[in-house]
Structures are given as C-alpha cells and as structure tokens.
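Consider the two complexes below, in which chain A is the common component and chain B and chain C are the respective partners.
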Partner chain A sequence: MKKREEVRTLPEDGLERLIGLVRSRGYCLVGPTLRDGAIVYDEISAVSDLPAGWTDEQEAGRYRVKAREDAAAFGYNLGPHSWKRFLYPPRTQLWQTTPTGEATLQPVGAAARAVQELDFIGGSTTPDRPFAFLGVRACELSAVAIQDRVLMGGAFPDPHYQSRRESALFIAVNCSQAAATCFCVSMGTGPEVTGGFDIVLTELLEDGSPAYLARAGSAAGESLLAQLEHGPASPAELDRSRVQLDQTAGSMRRELAADEVRGLLAANLEHPRWDDVASRCLACTNCTMVCPTCFCSTVEDHTSLDGTATRTRSWDSCFSLDFSYVHGGSVRASTRARYRQWLTHKLSTWHDQFDSSGCVGCGRCIAWCPVGIDLTEEVRAIASEPGDRQETTS
Partner chain B sequence: MAAGGAQRPDPLVPIPVTVRRRRRESPDTWSLQLECAGPWPPSLPGQFNMLYAPGVGEAAISISGEPGRNGLLMHTIRSVGAVSRALGDLRPGQQLGLRGPFGVGWPVGEEAEGRDVLLVAGGLGLAPLRPALRALLDRRRSLGALALVYGTRGPPDLLFRGELARWRRDRRLQCHVTVDQAGPEWQGEIGVVTRLLPRLVFRPGNALALLCGPEIMMRRTAAALRDQGVPESAIFLSMERNMKCALGQCGRCQFGPSLICRDGPVLRYDQVRPLLVVREI
Partner chain C sequence: MGGRDRRPKLAVWKFASCDGCQLTLLDCEDELLALGDAVRIAHFPEATRGRLRGPYDLSLVEGSITTKKDVARIAQIRRQSRRLVTIGACATAGGIQALRNFAGQPGLAGQVYPEPAYLDALATSTPIAEHVPVDFELRGCPIDKRQLLEVITAFLAGRRPQVPAYSVCVECKLAGQVCVMVAHGTPCLGPVTQAGCGALCPRFDRGCYGCFGPMETPNTASLASPLAACGLDRGAIVRLYRSFNAAAPAFRDESFRNERD
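Now for the complex of A and B:
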C-alpha cells in the first residue's frame, strides 16, 4: 500500500497540531464554529473554536442546534453555509475605472460633452491568503467539483474562482450521522469521502472523546500528515469507521431518483404541480443562497461624481424578478415559472449544460425553506402522475 | 489594463474603445463605428459584444459590422433602456467599454456552400444578420439561391437604408421588404414577413434559413418555412435573454438546456422548438 493511501491514527493532540501546522504554512483556516444558534464556517485558530459537543436537528423548514452527550467536534450535519462563500464570495469587485486624464469639455456633436479617457483596472483575483477548509463533507466536495465545471470548465475560466480554488487545501471529514434532510446516498455523493481532498478525517468517539483517523489524498496532505507522529490505524478502528459510515448511509430517510429525474422534469414543464408549489413558495431565494452549487450572479456598478466606476458581482437568484428581465418585462414573471426554472435547472438542464446534476443531496434547501418545501417531495409528486411532453405545433 | 503578454486577459474586464462615427438609422436606433487601440479580436457574423456605457451599465449587443478596411467595428443599438439609451447617445470621440466577442454565430462558412440561403429579419433583427449577408454576398458564387426578407413596424424603422437600396437592386439577391403599417406614401408591401415567404424562389430541401427578430416573428417564420418543406435542422434563430457575464457563468440567459451566451445566440430550430411554446421558460 502506498503511504499516501494509508489510514493512520492521529495522536491525542493531533487535530490541534494539524490546525497549527496548516496555519503556520500561511493558510487562512476556515472551519465550523457555533454562532447565533447555527454551525457556520469562519476562520478558526484552535480546536476550541470547533462546535465540540453540538449537533443539529433538521427537518423541512427547521434547523436547530442541540447539545450532544459527547464531545464530538464534527458531530453536526450541515449548517447554512457552504464553502462557496469562500471560493465564490457573495460579493467580488470585478473592476474599477480610473480616469487617466482630466475630463475635458469638448465640442462633439451638437453640445459640449465630457470626453474622458477610460481605463479599466481588474479587481484582485487572488485571496490575501490561500484558504484551508476543515470539516468538508463528501457532498460538499461534490458541490465544489460541480462549481469547478461551471466556473472554470468552459472557454472563459473565472479568474477569481480559479485562483481561490487552485490554492485551497481541503481537510474533509466522513459523516458519522445523517440529518433527516440528507439524501446524498441517492445522489451518489456521500456519505463517504472518496476524492477531491487533501486529507480526510474520520472522527471516532472513545468514551465520549473524539479520536481521529487520517488519510492523505494529495502530496500537500501527505506532507502535513508526515509532520504528525502517528501509527497505522488498527483493524478494529478501521472496522468501526466502516460501521459508522454504513450506519450513516443506512439512516438516510430521503431520496431522489437521480437517474430518472432529468427526463421526468424535462417532460413535465406544464405539470399542475408547478401551480401547487407556487402557491406555497415565497420566492424568498433562501434555497439558492444556501445551495452549495447555485452560482447565478448579478453585477452592480457604482459610479462616483468624478466619473470613476466600480463593478461588483454578487450572488443573485433565479427567484428574483429582475433575474430574467429583458426590455419590456421579466420572462419569468410568475413564482410558478421561477420555481420551475430552479428545479428543472438543478436536476435536469444542468446535465445538458455542465454534464452533471446540480444537486448533491445536502438537503440545505429543504431545511432553510421558510415554508418547508422539499424538492424530493415535489419530484415525487410529479413522478406519481407524469404527463407527456407537450408537443405543440408553433 | 495591460491585456498583452502571456497573461490571459480577465474576461470580466472590458477594454476601452472609442466611437469614431455615429449614424442615426431610425428615430430610436443608432449605429456606432468603434475604434480599438490594438487589433480587434476576431469575430464571426452573429456574435455579440458586451458594451459598457460609462457610468450607466453594460448590455449584450450583437455585432452589426465586422471591422473592414477602415478598422472600425459596428454596433447598431436601439434605445429601449437606460444602457442602450446611453450607448446610442455616445458621440464621436467618446469612449466606452467592450468585452467579447462571445457566442456562436450564423452558419455562413462552409456549411452554407451550395445551399439556398434565406435570411428573414424583423426590426432590429437585421443588425446581426447584416454581417452574415455581407459574408454571403462575398461568396455568392458558392451558394444556390440567396434571399433577404425584412419587416419592420413602419417605414421610418427601416435600418441601413442606403445599403438596403443597394441590396434591392442587387440581382444576385432576392430582397423583399415589408412593414406592419404605413401611410399612403409607402409604395411597398404591408404585412408580416411570413406573407412574403411564398414568393421566394428556392429549393426547400436544400435551404438554410437564418432568422432574427422578435420571438413570435421567428416562431411563425420557422413554422411557415417548415411547412414549405425546409428541414427543422436547417433553420437557425438568434435568441435574446438577460445577460450579465456572457461567459456562461451568471446563469441569467438560460433557455432550457441552452445558455444563450455560450450555446447561442444562434440556436437550431429543431433543438429549441418545444421550448418556444412554453410560456415563461
């Protein structure tokens, strides 16, 4: 067995030392932390920043943190944040103009007009420090791989995303439990971390205290683990880690027919269920904000009186009315059309556009929907009474 | 910004270009001829640029004339919103920002060889078809029939009038013009473009049809051509949707499975036909 693939047991202070090592290499280390009644991702500097002893309970339209009876640091499921807020920040400055010369009034056309030289300065595309992410779940790694295809897989890679992504370090964690909203098994994205990581950890509890198994997935991960004393994991530990993953997978209550849904939705664009869900949907955009793959954006220009302008890109949502505006009005004026756009894009046309589903089964859109709309239920409702693709002639 | 060197230019950052000529095409439509400090990036008929009106914003505008001997690139802009109004209001000497070109253009290269090519334009839809027609006229001998059918709301809305007059006289081209309504001074056709299609002399099975205009006009025209025997896969439409990035990354220009900025704006009728009749898609 190659050393990199070997599962090792970290020493008792291994996680603390790993955190220190990563930070000493210049990374901005981001991990889970408890804030305002939710487990969110933020910069951390020690094990004490982790939400040890906390978990979360989730259901459609419901998320609550709850104390655990043990000290597991990764004993929660998923919070409202995803890593996209670091790789693809909610706001990014794309460019600004600087007037390279004084604006001068020149007689052009009928009236005197300000003629000003334009110069566009691109915004910085590199983060101040490269990111290291701690506690990344299998479904989240799949989400990053999906955003990779969208934002840097085409003819025009987004330089902001690309530089953040290519310099990032991923320390993943295998899930030891599933939330009621999880359905990664049916999407084929979890709960076991199988690729796209630098290090993957498994948290095992010994009398309520966490111990960690670690495996490197890259040269960067290997060089970090090499600096911690450790031995190979025992057969018993490997066994427990396998049982834990099996139990997590087995406890998942929701599912989505990932293979059939693509054709199902494409063939049901006029299904009555769209009216039904539109009567409940508030078009609040929560599902798109918490989704780890949703990438839609808008731009805003700010222009000051001296003529300098700044363009900022920010997250947008297909649920906003402006999103589909063309002169004369919005293409998708109704909530029905906007929900249909979101769901068919996520589960069907995403395949056409980017060769994969846009859903990883994390369930965030279910938990954070204020009215508890559950996409797996909507798909089931359409599947239970599918219509035929409407073939209308012109 | 220095865009040269080995460094790949940031596709989100415009380059400054300068208006050299401005021509009024119709009461609300202007053609701008633009100059670039360096060589223009190569473009194809049917592609578009993102134009930034200083202090106002950016819009996707199709290229209405590729740089010729004078080195000027042409855009034709109808003032319908804040950005297009500001763009149309720019005067020679003033600068604007430009990103592009983007998108898939018209199949007027080798694909057109030997084919009977029909161009059907509605309103401003003639702007993106103009470079296609010019390219086709340049290689007229390699084609079968060549036709342009052009309709606008009224006579004042006709674009490129000098050129249109030349096209109407050009015996190599079947050129028909119609308007929705006009006063008694109008000597030409009145009615929608589809009424003129039966007059065209062409072989439907060998045809290649390029349509650009309002969606309803393209839908009706495509259906009429299909009924005349033109294969659906030989009909191309140029679609329009909201766009912010033009890189396939802002998600706004989706038309079902297509991202208009990346897979279009020119799309094949057989691939979009089912969606053209879905409201609010």
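Now for the complex of A and C:
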C-alpha cells in the first residue's frame, strides 16, 4: 500500500473508473453537471455527466455559463448550489403522527376535550444511500467544517446532519481558476485543498484534454485509489500543479480584510452605510439560500384531512419578517436591521458564537444577489469612513 | 354524539372574477372526498345546487367588488360568516379588472360594450378587505391548491395557516431552481412577489410575473435596475406591474413611478 500523502497520476480512464468504483460501493454520487444554464450539483453516474468544456463567468448579480476552448471537466468555479443542499436538505420531515381509532371525549376540569390516541413516527435521520461528493472546492470544505461546528459541535448534535455528514465521502478538486466573485485567498480558505477530504484531485490539461493527479486524505480515499493503477506524479506535473494554484490565487480580484472586519462591524452598528445598503437590498433571501454556511431554519406543523400531523424543518432566512417574529411583531422590522444582522453575524458575531468567521469567500452571495450587493464592497465602504459606536435602536 | 351534524359549514362566494380560484377547490381531486367528510358544503353553486342556510363557519370569497350590489352583498356574507377568507388576486387586490382604476371606467367600457350606458358598475374594482374585515387573504391568480388545503386544514385544526409572505426566490432556492434573472437575464418579479406558487414560472424557465402580488417588504424601486439590465424599458416595467395585481399598493405605486420618472 502506498503512502497516503503521495500524489499520483491517474490513468487515462482513471476518473471514469473512480466514479464507477464509488458508485459500486453504494454511494449516491453527487457532482457538477450542466443544467438550466448553470453548473449545479446533482446525482451523476459517468464522466459524461460532468460539465466538460464549460465554464462560468460571474460578476455581482450576474452568472453565465460559457463554452471553454478545452475539455476541462472542473474548469468552472462555483454555481448556485452548495453541498448543504445534501447534508442539510431544504426540507426535512422531523416526525409525523397519525390518529389510531376514534377520538374520545375526556373531562378536563369542568369541560371536556376530544382526546385521540396517536401513532408517532419519527422522521428518518439517515439518507437511503450515503453521499459521495465529487468536485468539492477548498472553500466548500471550509464551509462544511463550519456547518460541522454549528450543527454537530455543541451538546445537541443534529442527528439528521450528523448521519449524512459522517457517512459522506469527499472527492475534492483544486481550483484551476478564480471567478471575479471569489475571495477565498483573503479568507484563508483556498484555493488549495488542504484538509477535510478523502481524495483530492488536480486537473491538468494536456493539449486541451484533462489528466488528473490524485492524493488520498483518508483511509476510505486510500482504499479507492489503491484500486486504480497509477504511478507517482512526475516532478514536472507537481510543478504545473503548483503553478496552477499560484495563478488561481494571484488572479483573485476581490478581498475581505478577514481579521479586521470582526471589530470593524461591531464598532459600526449605526453606520449610515446600513441605510444605503437597505435601499438596495430586496430582502429576497437569495444570499442566505446560496450561502454554504447559512443554516437558519424554521419548523412548521401541517395537518391534513386524514388526521395526519407533520412537523417539517425548512431552510429559512434572517431576511424574512417571520424569522424574527416574536409575540407582537418582528424584532428586525426594517431591511436595514435585517441586512445588518446578516452581515454582522456572518463576519463578526460568528466568531463569538462558533470561533471562526461564517464566511469562506466563495462569492455566491455576490453573484446570486439580483441587485448585485457585494459584501466586500459594503465592508470596504464602512472601513473607509468608520463611524462612532452608538447604542443600537433597531 | 347523536345525529346532529357537527361538521363545520363551508361556503364559497363569487364576486367579479373568472371562477378559477373556486375551481381550485374542485381541483383538489385526491382530497375532495376527505374534504366532503370534514366539512358540510353549505353554499358552492359551482359544485352543487344544494344550499344550507347560514351562518357559515368558513366562507371562501372569490372576486372583487365592482358594483353597488356587491358592496351590500359582501356585508351580508360577512355577517353570516364566522371566518372569512378571501381567495385570489381579484379578492385580495382587485384583480386584472382593477386596470379600470387606472384608465377610467367610462372610457374602457366604451371600447368593450356597444351601449355602456346600460352598465351599472362602480368606477373602481377593489379588494374585499376594503369593504369588510377579512380573517385571512390567500393570494394568487389563481390560488395554489396546496395553499388552499393548508388554509382549510389549518381552520379545521384551529391552527395558524403556514402561508409565508416572503419572496418567490425562497421557493426557487428550496427547489434548487437556477435563478432565471441572474443566470439567463430573464426579467423576473420573483424578488418582490410573494411565494406560494412553488416557483411555477421559473421552474419552466420563465420570469415571475407577479400573480401572487407583493411580498411582505417589496423593494420594487431597487428591482428596477436589474429589470432594466434585462432589457425592459420603463413602459415594459409599467406593463409588468399592471397585470393581475395592478392595484396592490406596492405594484401600483411602482407602475406610477415608472410612468412618471
């Protein structure tokens, strides 16, 4: 058995065989695929499902897929989906009750109340098949690590998340290019995959055709790579891989002062910029829905005509009024208060709560905001003219 | 429990409308028998000639108020109804017929009817809530079947209906739908429109045209710039807002703003 840290060259059909191997081990393999004019994550079964020859162009409020001049399968950046869609699904049934038999009247004090025997059925916490994720980027692994802390790190781990997370296999890919919306370098989360993976791939192009370097990061990854014939990567390949990562990092146009922003926002809760951004913000929730770390949810009860009652957890957003509704009204009634809540939580109070930033620099919130609000720009505007700290009133 | 029928009495009422929303009740094919078990259909002319006298436990009201007779009739229906829920864009915002509020009714009537003098209609089409207190408003043109069942089952269980007032964008994202505006450049009212349709149009690659009316905090002024970037001029933006929910205040004001500026 080879050393786990060793970088190897996959054979020409290595990726196809890796996909087949993973699937034959019972995983639901999810990876990038071209659909509806975007590169999204969905179940895939072959290399032909990958967006080979496609890339994306992104700007604030704008995303377009574009044909590449080569056949790179991972030559795109990030689409609207993130892995939280699979690890922390948009809707989860928590439990259900069904009535058994007829309701009976039972005395309650001086009155009577209809009482019914109920069957209680807990929602399944495990997926039908464990997930294997293909094409996971460095910033996305950081996002998963953040959700791990949020959803499994405390005294009460979320059983739904935990079972999906702990059974999942991560086949990561080093980024070979950066979108205009990327800023992982300044967040310290990429573009190089450094941990949290089972296998990491590097895609190198030889005359426009992809070739792959692979390295195992876990016993599960090692056992998969062991089944593929391969040799060690050549010094030239390792060199090209390094140059590619350096070029990706060097081409990143956006940045966020990750260290300073925590204190900056905390000291500027009454800055006029919050009014300015509130005038543009649609409170549509898109930024929170595409964010790979946003985890807020709501729990809803539904009843049906046959007497079944269902409790469901759904993604929710701090941009909706109901999210902060307590008796008498919403705590954060203005869009200003809601945008401020989102940004200060993401970049500042997340540190207090979970010991890290809540942002990994993936740039999805910038690209998928219909009006192109760019959090790096908002932070810069506040930093360029910091105001005095005042008591918050809204 | 004796022979007395304790099931709540459901009534369906129609004002100026196309019947599409009350038809949604008949569209509940799989649930219709269970619904018939749970409530007594007391007044629903589209479904049955049988009628039960009031009062009614739950009244579903479709359509807008467009005549003097409507004004008197809705007051009477309110008096007979323990809970009154308005269904659809006509009942909640005045409907497509509220375009008369913008153009002036005599002028429009002359284009449609050879003898408009025979008409006896109000100058405006207005939502039910402008005339009587309404317990709940269910949006849509037409309303969504799942949401209608949600309102009825919530009523039967004595709980609050789960009908969120956030934007259509939430439904797109929950469904994993790619944003048609950001990724395709298709004009879309989703960010300012209330959810409920299940993101029907974006799922078929079309932009939302606002048939569920304004979401809870619609920032229509800010949406004007991406709509313009998608190629809509001011006139097109006015027309986009002036459809089924033309008279909903947020949409009405935005159409005026685009006409004026």
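One rule holds for everything that comes next: the second predicted complex is superposed on the first by the 371 of 394 C-alpha atoms of A that agree within 3 Å, B and C clash if a C-alpha of one lies under 4 Å from a C-alpha of the other, contacts with A are read in each partner's own complex, and residues count from 1 in each chain.
We take it that contacts are C-beta pairs under 8 Å (C-beta built on N, C-alpha and C of every residue); 3 or more make two chains touch, one makes a residue touch a chain.
Computed from a predicted structure; not experimentally measured.
By the touch criterion stated above, A:H327 is placed in contact with chain B alone, chain C being left untouched. In the overlay built on the shared chain, the residue A:L94 is in contact with chain B alone; chain C does not reach it. By the touch criterion stated above, A:L269 is placed in contact with chain B alone, chain C being left untouched. Shared-chain residue A:S48: touches no atom of chain B or chain C. In the overlay built on the shared chain, the residue A:L118 is in contact with chain B alone; chain C does not reach it. In the superposed model, A:G37 lies in contact with chain C only, and not with chain B. Of the two partner chains, chain B and chain C are each touched by A:T303.
The contact surfaces that chain B and chain C form on chain A in the two complexes overlap at residues 301, 303, 309.
Interface residues of chain C facing chain A in the complex, by the touch rule stated above, are 31, 34-35, 37-38, 149-150, 153-154, 156-157, 159, 162, 164-167, 169-170, 173-179, 181-184, 188, 190-192, 205, 215-217, 219, 221-223, 225-226. Interface residues of chain B facing chain A in the complex, by the touch rule stated above, are 1, 8, 10-16, 22, 54-58, 80-81, 84, 91-97, 219-220, 222-223, 240-242, 244-245, 247-252, 254, 256-259, 262, 274, 276-281. Within the complex, the chain A residues that touch chain B are 94-95, 97, 106, 108-109, 113, 115-122, 125, 150-151, 154-156, 158-159, 266, 269-270, 295-299, 301, 303, 307, 309, 313, 316, 318, 323-328, 331-334, 336-337, 341, 344-345, 349, 352-353, 389-394. Residues of chain A touching chain C in their complex: 35-38, 40, 61-65, 79-81, 85, 90-91, 279-286, 289-290, 300-306, 309, 314-315, 317, 319-322, 335, 367-372.
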